[in-house]
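Shared chain: subunit A. Partners: subunit B in the first complex, subunit C in the second.
Moving on to the complex of A and B:
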């Protein structure tokens, strides 16, 4: 659990670095800190340790999740270079808060005790509330921050009540204690059932599953794009790691009681996310609904909890994170250029689908990166997203949940429609576009994301032997 | 839910059945939820959330006393500390909005739709 300690220290160091005159050191310092943490993370490889009086546990799975989260954060930070140069930006605080929120994410991944789950969720969320509202003068950002904050705190309250009820039913906060206390040999008690339900609702809120997804589009839309990218990758991955751990360790014995409910929520999430995404005009808002729908695909693996779920969730969250970051990276550049070209109110129009018209002609690299990430999100073969969906669907087949599978397949065909809108706009529409200046480092990150997406699509076995 | 033998449960708490605590904190919690869903003033919504958290605290203390297990009370400390941190961030967000719009009515926040 050295990464948690390191990230906390590095976050404080970053805040102090903010006192220096030159802000140029902050970005490389943050990237360096993330790389160090990522390297240190693997020290416990193939060993499973309990840390801090049995509060946290490391395992190969937790280390892989940590690596995904830190890797996504690395890419988001690398893409943030130009955003942070804006005059009102306070990069030291932003980067510091990002590192602190990663501490929360790591606690959510490694928790062994419900107390740590709660504290992790809160560290992650509170940092994200601030980052969402970081564009202080922008009303959209303000509104997003308030909505995120009120809804997040509300969800935390529900989650805590669930934890309290579970404590009453089982007398323990540890994962194993809750699991053995809730043993369903002679039926499930009302206290356990309601506690489990409320705890799950709280967590499903955080990963934006329907019908608890209403905050997501507003928050993702209003937040500065770079933090939207951070939110939709890091928070989602950490949330699913926590859900998986909770369901597979504590509530595995109660599977017959919760799977129907979770399957219904999954189907609702898939339908709500995909159908609403079709009607969006803003690319950023479409990505918010797309993130809801991907929460649905990830939930399939949990509703069909089995031997393949672990692998499926890891692969899917990796594929989803990489593709999403590439998409937001391109959006950042395009929206910036469009905002300078035409007069737009608060940068709204510059994030529409029209902004991508004719992009690929002058900017083949950006067009290609965007196209690959859209194909991956849509689940087209030869991209990582295809195998992610494939693994997810095979967990459902393993459990024989065919109706869920039918819903998921139907909805992923709907998904193809709105993901291809971007590709069509980029390649087949005419638009006034000059070449967009891309900094070399920025280009490497986009290229790395594209290569990773294609590489995992061609050789999905690369990841399988790891854990 | 029976307290284990040979452990001391404070007399006062024992006189009231555990179910009463459960019902009482559930009622508080539901009042909080209703407040969040129906009120439009950001501060009042905020208060309702605090009410929900305090219902949880009360419930945890009750369970903890009846089980003579201290971990529930430790959790309460965590909740109080985290809630304080959350309040500071939340109030800062509300102040930020008040500076821009001169109002804290959440009904006025409608820039983001569909």
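Moving on to the complex of A and C:
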């Protein structure tokens, strides 16, 4: 499991690089580390190995998930050049923590043993608590970090309790052991049921599924935008990889017991995320609710666990991650630009929809990148997001869960409403501003995200032979 | 292969046009559209009148899922491909006296729209159809919302959400149908539309599939009571976008009825067809009556279009050969007439700055050319014999009569009402005393005349010798009737 080792080492190296006078090296170094890890990740391609005393397993699926997580991290880091300009920023620590949290994410993707899952979740979360509060002079950032930490710690506690109960019921911590111990032949025992439920609640909290989503808006809104982008992509992808593994390996036999519950949670998440997003005036807060709603779409694949689920989750997480990062990337630029012009009453920079007015005229590229990612998140054809939704809807049809599908379809329409507010602001409203300066590298990242979104939208088959 | 070119070429041309600047953009767009017209004309003339799909292509797209990138032209799509090819250059030409901001984007969006429209009419894979169906919405939304009138943002947004909402139900139906298909040699299922035709679905499934498709298409056309987005959108959009919407995009709905609902859910049509016909007939009468009351020319034409499309839908659901033939020819005819009417409204608006009928009048004094062309198009619209409207509406009414006498009678009011509101519009705008706004009205320019000459040519061609068009659609319609016929047999 070379990527985990490498990322840990690189994280420590980054902390030491922070002692150097010039901080300019940190960003390229981090990018290089991520590329190396990404390359190393594929060494085990088409082979399946067990590592660390059978605690971790690599498979093509885990490598694809790892690649999505690392790729997302690469893009987020590439868009983070703003660190350098801030006095109080500690870029070495930020990058180091990001790499450490990736270690956690990789463990969540590859775990074979529940203990490893717990360790992964904790590594990921602790790093994220710190990053959330990294804008330490900003009250809202502090509030977000505290909220995230308290609620997150509580959720991990529940999760750990669930694991203990499962161990009590099945006598094993391994995925396969729990699976065979929780044999549905003689019915489900109370111990197994409550253990499974608590474990799922812990993970559902991490991916912000309703009704465990209340922390999400405040944390996403309060955290520095760049870490919001990191959180809403890496954490979510890792969380769903873990959920998929648990449900499809350990609890597949118990499907009749949990699917109704999960389907209800899915419907709740879809409704809560989408409806609340409509009422937001802040783009960033809207993106927080949008991430809740996308958790809902991803959950459809799990609630309708079947042959298509694997593909659906991989495709959806990729489409969602790319679009989300591009959207936050544009937001970063816009918010900084508008910060010099308009301050809100609280003294924070404006991240409202109005900030995007007229953007497409001044900066066609930024406008286009944002428009494509909004279309993708809304699931409009010719973007990757459409195929993501298509796969998810297919899984539901395959299982015959039509009522869930109807909820999802209705909520997609609601989604169009708030995603298009941005497009309308950018293209059809006037904002008297001068163009925003975009660094070339920044531009390439946004362009790459846009091309990827459109490319997967036109030729979704590109990803098919991969796993 | 020609079909592939017909779809990809406008998109490629549009991308190139984005690089052009200034006055040359219009010319480039016109040339690009004329080339597409030549291709579409070639397809139309070279089309063998049988039930097969021609000029097609078929590539794996999501190969392992059995979803294919495949399209072709058959008797049902051929007239619509011709219509798309014909109208887009005329719409481009109609803008030659107008200057739109950021012209390269404007014309590029029109050509992207054309690519998607041809894709809709030729797709042979259910999901490809859906993809184009939605993709056509993006350029028209931007066209309408960027260059539209004062209230454009709210109005076009309603239009967008409304139509997407409808088509999502179609997506659900398509996915459902896909999972019903038997495994093929290479994939577990197939999304080819022809394979959907072969399915033996239960009556219950057909009923809900009928509604899933019907809502999508009824919103697009629109059929009463799904029409509330339409008048406002037509009025607020810039005229070229309105022409695209009314001239071509509306036909996506009628085409969908013929392509999907009739052959896939014949039992659903058996159960719910009457409801659909009644809704359509209500639309015909309701639209006509509102049109009679309108003062705004564009709004009047919008309601007239709503009324006409109701007749097409009723004709399709009559499930008769004449009704279907009529719908296909009428789609072509209506596209030509409605573009002509909107162009007249645009010319009057650009010269007088008003579309209100009571502020107009006396235009005939200075405009012999406009008067003649306006009159011919208008007569086509009210279905006078020897014009294009007559052929289509006659066949459609015949179909509806065969289906049900009373409904046919009610639908027949469309001709009477049509004459009332159209002639009223003509009278109020062209005759009578001149107003301060119409005093110095100048006659048509050369480019405007060419648009009308081309339109009028087709008005008479279809009106006098409809055989050219009917003969290419007939075998496909007869073939389609088989699916409907077997259903009625199995019902007994």
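In this section, the second predicted complex is superposed on the first by the 458 of 467 C-alpha atoms of A that agree within 3 Å, B and C clash if a C-alpha of one lies under 4 Å from a C-alpha of the other, contacts with A are read in each partner's own complex, and residues count from 1 in each chain.
Everything below uses one rule, namely that a contact is a pair of C-beta atoms (placed from the backbone, for glycine too) under 8 Å apart; a residue touches a chain by one contact, two chains touch by 3 or more.
Quick caveat, the model's predicted, so the values are computed rather than measured.
In the superposed pair of complexes, A:427 makes contact with subunit C only, with no contact to subunit B.
By the touch criterion defined above, A:354 reaches neither subunit B nor subunit C. Once the two structures are overlaid, the count of subunit A residues touched is higher for B than for its counterpart among subunit B and subunit C. In the superposed model, A:119 makes contact with subunit B only, not with subunit C. Only residues 114-115, 118-119, 122, 126, 129-130, 133, 136-137, 139-140, 142-147, 149-150, 153-154, 156-158, 160-161, 163-165, 167-168, 171-173, 191, 217-218, 221-222, 279-280, 285 of subunit A touch subunit B when the two sit together in their complex. Put simply, subunit B touches subunit A in their complex at residues 1, 22, 25, 29, 32-33, 36, 42, 45-46, 49, 52-53, 55-56, 59-60, 63-64, 67, 69, 71-72, 74-75, 78-79, 82, 85-86, 89-90, 92-94, 96-97, 100-101, 106, 109, 111-114. The part of subunit A that touches subunit C in the complex is made up of residues 375, 380-382, 386, 390, 393-394, 397-398, 402, 405-406, 409, 412-413, 416-417, 420, 424, 427-429, 459-461, 464. Within the complex formed with subunit A, the residues of subunit C that make contact are 60-64, 127, 130-131, 134-135, 138, 142, 145-146, 152-153, 157, 160-161, 164-165, 168-169, 171-172, 175-176, 178-179.
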